[in-house]
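What follows is a pair of complexes built around subunit A, which joins subunit B in one and subunit C in the other.
Presenting the complex of A and B:
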């Protein structure tokens, strides 16, 4: 391969190494191509590509690897198969509340265990999958550069009079003796081709007609768009470029959006279901959601933003009714309706302290779930709040703890002090919710003190519940404009390349014999029909099919 | 009569017109050998009749679509029934476009049965108009679903032409080894089509008979705290249970052919949503499909592929190759726009991210990568013709899995398009 190759064509043009068809006259140069009588390999007009250098270095070899369409197809297929594997079981990011280390094995047995061990439960974030995407990106860049520049050169300096072999070995060909004057006939052809919106160039008895060359750039524009898109996806990994937070806002409250100077208020949350008469027979009686809506107000904070003890100074910037398909949008910040929680949660209770021996009650006192007071004075007794748990649980080690900050199962440990009680006070554990009290056996925990005293809420009116909580998803995604631009460019290129076809017709008349060859990068059927129609207008009747030079066969 | 009822009637009219369209295409293609007249004339005449009948079917289908839209208050593309009927309509549209370019009646002979099957398949799913849940209340329901379906419809026409190509070029008389392999695969493809027809047929026969069986299934699950809990569910079958649900008791069961008890129990590892019922349906489809296939073989006295192959002579395989490729090349940008770009825009508006590796999204990407590979392979020598046709045929399987399989087999955010 490295030996000297004579690449000078008989027409006198000096071609680069790797040229298949002479850049000037189109004569087949490559030995195998010249020997065959099949239609010509017309890809990129037979020009040499960068990857066909005669003396490859390491960089050239990498370049050559990625410049191959066959390699590109292989990478695509491997990516496709990897993507399929990732859909076999639910990916880790799709669920929140399970431990993946045990989840897969429990749910799917040994297959699930290996699925997890091989990292397939996180396929799309894995280094090798991202590596495949990077390889696709590299291939896009190199394949395109390798071809588009030589193709551009070849198409911008085309010879009108092509070699006979070049013309006769196109996929659409016509050859016959002319009955009338060649000059006049070529003139007719020129006119008819112009009517079909061809650009026609003449060189004596040779003619080149061309249309929709721009469509050749479609695939490259498409690839540029895809590269922009992939780069934009990479940009999203810059920390300050994207944010993904959830805030739970009870109705009527203002909550800070974490790590920002924004505060958001939930003025009213509505969940609405379809009424039975709106539903078809088989859905009647089911709760089919009709509307989730948070009437929201967005504020920016100028002072005391992060200090919970001080009142933040807020300024209203936007009001918006957030619906599922209608997020709040403000200067790149987007707030989406994500979910809601209308299960009753305690906000505050007003219990009393009962001395069971005397029947005397002391209180009531206000106990709020969030930020409760630390000391309560009840007649001769005092309660000192030592610990509180919002979502009480006994963990696997038998220690008390809390599962979350939501008051799902609140529990309080007080130090009860007063007459005829020990100096340091007696600990007393209090579960405001009756079912928690039973579930965690409050009486057993409190022991003797529980036999003498009881803290309880005398009537339902003394219990207040928190309002419905709307969960909002707050997002910043600064790369989005680039994502859309990339997608747009790609789509534009795709349209150009798919719905227009670059068509060229060469013809020359030698001694009264016309040789016509036509080439298109897509849709040879249409090309033949068009050539037949043009010939028909000049008085030559041929069946479109008879122009077929074959070559579609595998 | 309400608009929705009227639209259901229009749908039935469309179905029968499509059936007749197929029948007339059959007369055009098969009858041309037996016609006393010039076979070209016969083909042209009956081809035109068949095309006009199909166009009338399409008009009825459009009537169904728009009256259901008006009567239901939202575009009928919001559940499986509506989507499949829409897909069938788009396949007709794609067929009309491709037919306008190539004018080959043979294309109708293959596309119309495909449309008929999709329409009949759609009718398996519940047909009531369901009011939209909040995520679907968006203008993108109109834009995304319609364009995606149109792109897929062109892939369907590419599939039909690819299958035609294979039936045309695979020589069913040859004893050569490689040819026999091809024969087997083509025949297998047709066998799968017969099974799908049998599936639809089984559903409607048992539904017509009013067959019912009910089971009480116990599911034992262990929570993350290690607490064991037992849940009982009622599982209803509309086909006689060959496989009953795992760990279940018969509550009531109609007898079928004298069988009063389920024959087998579904293995315990099949845990998906309604896994047992799906397994039962699949088994029924394969049994009935095999019987149906055997009957067809008895009538034809040769393989189906061989029978179809024999009516296809005179068709230029190069044209079929070109049509298949062209249909896919037309559909690819539409698919990209509808199933990826519009999908990303909607996902960004409704789900706050443009891409989330949800199974449906991944499968749309897989379909796209698949056809991307196809289009790039077409640039190479040696990938035209037979190989290309096989890729087009398999590609449609990928499309159908994306549309239906993902919803039936995998779980994800698109589950509201449920069944």
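Presenting the complex of A and C:
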């Protein structure tokens, strides 16, 4: 009994703490509201928010924090700002493989460095961003609950006869002496209002007409939709509910989709570029893909799926031509075209051995870049492959080596044996690519033997390039239907709340004088027009504008 | 009677408040905790068991991770195209000889990064490597282990959990310290 706020109205109704307008008769209770003569604050019909208490506990304090719309708006603004910041640079999850620790600094300088250091390169998965979303979700539930329940109660048991102050301080008001019989006039009003699809309740010489109350539930339905949406997003963190992977599949090959039982084959990959005349001036001369397509086959594996020693047992389940925005789709698994790599990479050559002295050629022989044969027989001569390099380089110590595992600059060291050559053979170094041959001076390395013999590819047809690699993005998102349901509910609530207006008209006749007040949650202009039209039908002519009690924003 | 009603309502209200706040705490805690502690890349981390594999060695024998159960194990991803890999390889060979010589339950696996037979066998001969060299064709195990730069070395305790993951070339001291720790665990 530290402080006792008298919340009892003069009509005898006991109101909860925080009530603005008496729940029963509508008389303004709050001191500032009672003293003013401006139109009433009609938000939530003047009822108290559910959780307001005179001496709150810790739970009440937490609850009240989330129950505040002011706080909710702040949380939403902070979240929006964070979401904006997250779009400044590409997020980490957009890369297939890279090193974030160096990427941001190298590409964007010190801003990038700090962007990475502050964790903004992973904004949407960061604990604090998810924390903000959780807070928004909590606030949605608590704000709605604290308002919708009292509002529901207030609207479902409305007093028909309202306090004169309540009626006269609405935004749309009318007051005048009645010329004819009050009972008869109210009867007329009732009929006219019903024609306008109002639900009319009468209590002697008092009347309450109401329509489209359901639109008041729109915002809360919208909130339920948002909560379903947020919960669905949360579902995505369950491991098997979502997947976002990339596979690179060379044409003609079957590759396992990581961590699944699916295998995918790239039967054929096609890329079409725009012709120069189809491109705008500034893009002429550049390669712009017009269409890229992977003819794909999806398999499921029943046995030996992860064992590289055994052949997996595959069963074809689906064929589809994957185009951008036309993914292959199978039981929740979606495979999108993501990219391709068609830079020519040497796969195999068919060179011949030429004896420059006699002009005789021997061969050709098949030399593959990856896992080549080690011995070749060419007429009376033999070639024994001793060493090979995929990407030849002379390292800092002056030793030959390879700088990658891709056949960018392949080099082979053979041991050439045959008649009139030394017993142990002569080493011969061979660069299949003409520019490497010049760059690393093949002739100088080979010396005398290079003057007599030459290994070379006679014509372009004897060169094979590796197949084009198509990169596919594999996604599973089982939460998607729930996300759509949430979005649907939310949209439905939005429509209810914005296309209909809750309109109420109160009137009472005291000693031959009628007092009418009308309230709507939006479009006061329409409300006044409707009241004027109804009055007109009962023989009272007023300008809609004259009903305006001021304080209008709509 | 009216007072009783309000008190009754108050009790229910408190119950609902507690249920909702607990729900938020649970769901929110799960969501935030997930973001805090679990990166969903699914790659192996310290304290976890490394992903299983089955690979062929250079001599064509199948090797599975399970074959090394109960031993202190070092898995080294290497390639001839990576200079620090080449530098650290002799150190691994020395370590292997040292601990094997003492009869410790210790193994080293060198997983080659998808190079071809000739390249690998030349390298093995050149450095006289006697520990198991396995062939990861098509980068499969490399991807599974989340190896992004080379060399990367995993130190696995006899109980089958990862003690340490080292990215980059290692000196003899780096290796020795970790192997000692492995053997003590």
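The rule is simple: the second predicted complex is superposed on the first by the 370 of 554 C-alpha atoms of A that agree within 3 Å, B and C clash if a C-alpha of one lies under 4 Å from a C-alpha of the other, contacts with A are read in each partner's own complex, and residues count from 1 in each chain.
By definition in this document, contacts are C-beta pairs under 8 Å (C-beta built on N, C-alpha and C of every residue); 3 or more make two chains touch, one makes a residue touch a chain.
A quick note: this is a predicted structure, and the numbers were derived from the prediction, not measured.
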Partner chain(s) touched by A:259 [first = subunit B, second = subunit C, both, neither]: second
Which of subunit B and subunit C A:473 touches, first, second, both or neither: first
Touching partner for A:371 - first (subunit B), second (subunit C), both, neither: second
Touching partner for A:358 - first (subunit B), second (subunit C), both, neither: neither
Touching partner for A:387 - first (subunit B), second (subunit C), both, neither: second
First (subunit B), second (subunit C), both or neither touched by A:134: second
Partner chain(s) touched by A:323 [first = subunit B, second = subunit C, both, neither]: first
Chain touching more of subunit A, residue-wise (subunit B, subunit C): B
Which superposed partner A:91 touches (first subunit B, second subunit C, both, neither): first
Which superposed partner A:287 touches (first subunit B, second subunit C, both, neither): neither
Shared subunit A contacts, counted only where both subunit B and subunit C touch the same residue: 97, 99
Subunit C residues within the subunit A interface of the complex: 2, 13-14, 16-18, 20-21, 24, 27-28, 30-32, 34-36, 40, 42, 52, 54-56, 62, 79-81, 83, 86, 113-119, 122, 137-138, 140, 143-144, 148-149
Subunit B-facing residues of subunit A, complex: 41, 43, 69-70, 72-73, 76-77, 79-80, 83-84, 86-87, 90-91, 93-94, 97-99, 106-107, 109, 124, 244, 274, 278-283, 288-292, 323-327, 334, 336-338, 473, 475, 477, 480, 483-484, 487, 490-491, 494-495, 498-499, 522-526, 545, 548, 552-554
Touching residues (chain side subunit A, partner subunit C) in the complex: 14, 50-51, 59-60, 62-63, 97, 99, 125-127, 129-131, 133-135, 137-138, 141-142, 145, 231, 234, 237, 239, 255-256, 258-259, 306-309, 370-372, 374, 385-391, 395, 401-405
Residue ranges of subunit B touching subunit A (in the complex, touch as defined): 101-102, 126, 128-131, 133-135, 137-138, 140, 222, 224, 269, 271, 316, 318-319, 321-322, 326, 329-330, 332-333, 336-337, 340-341, 344-345, 348-354, 356-359, 362-363, 365-366, 369-370, 372-373, 376-377, 379-388, 406, 410-412
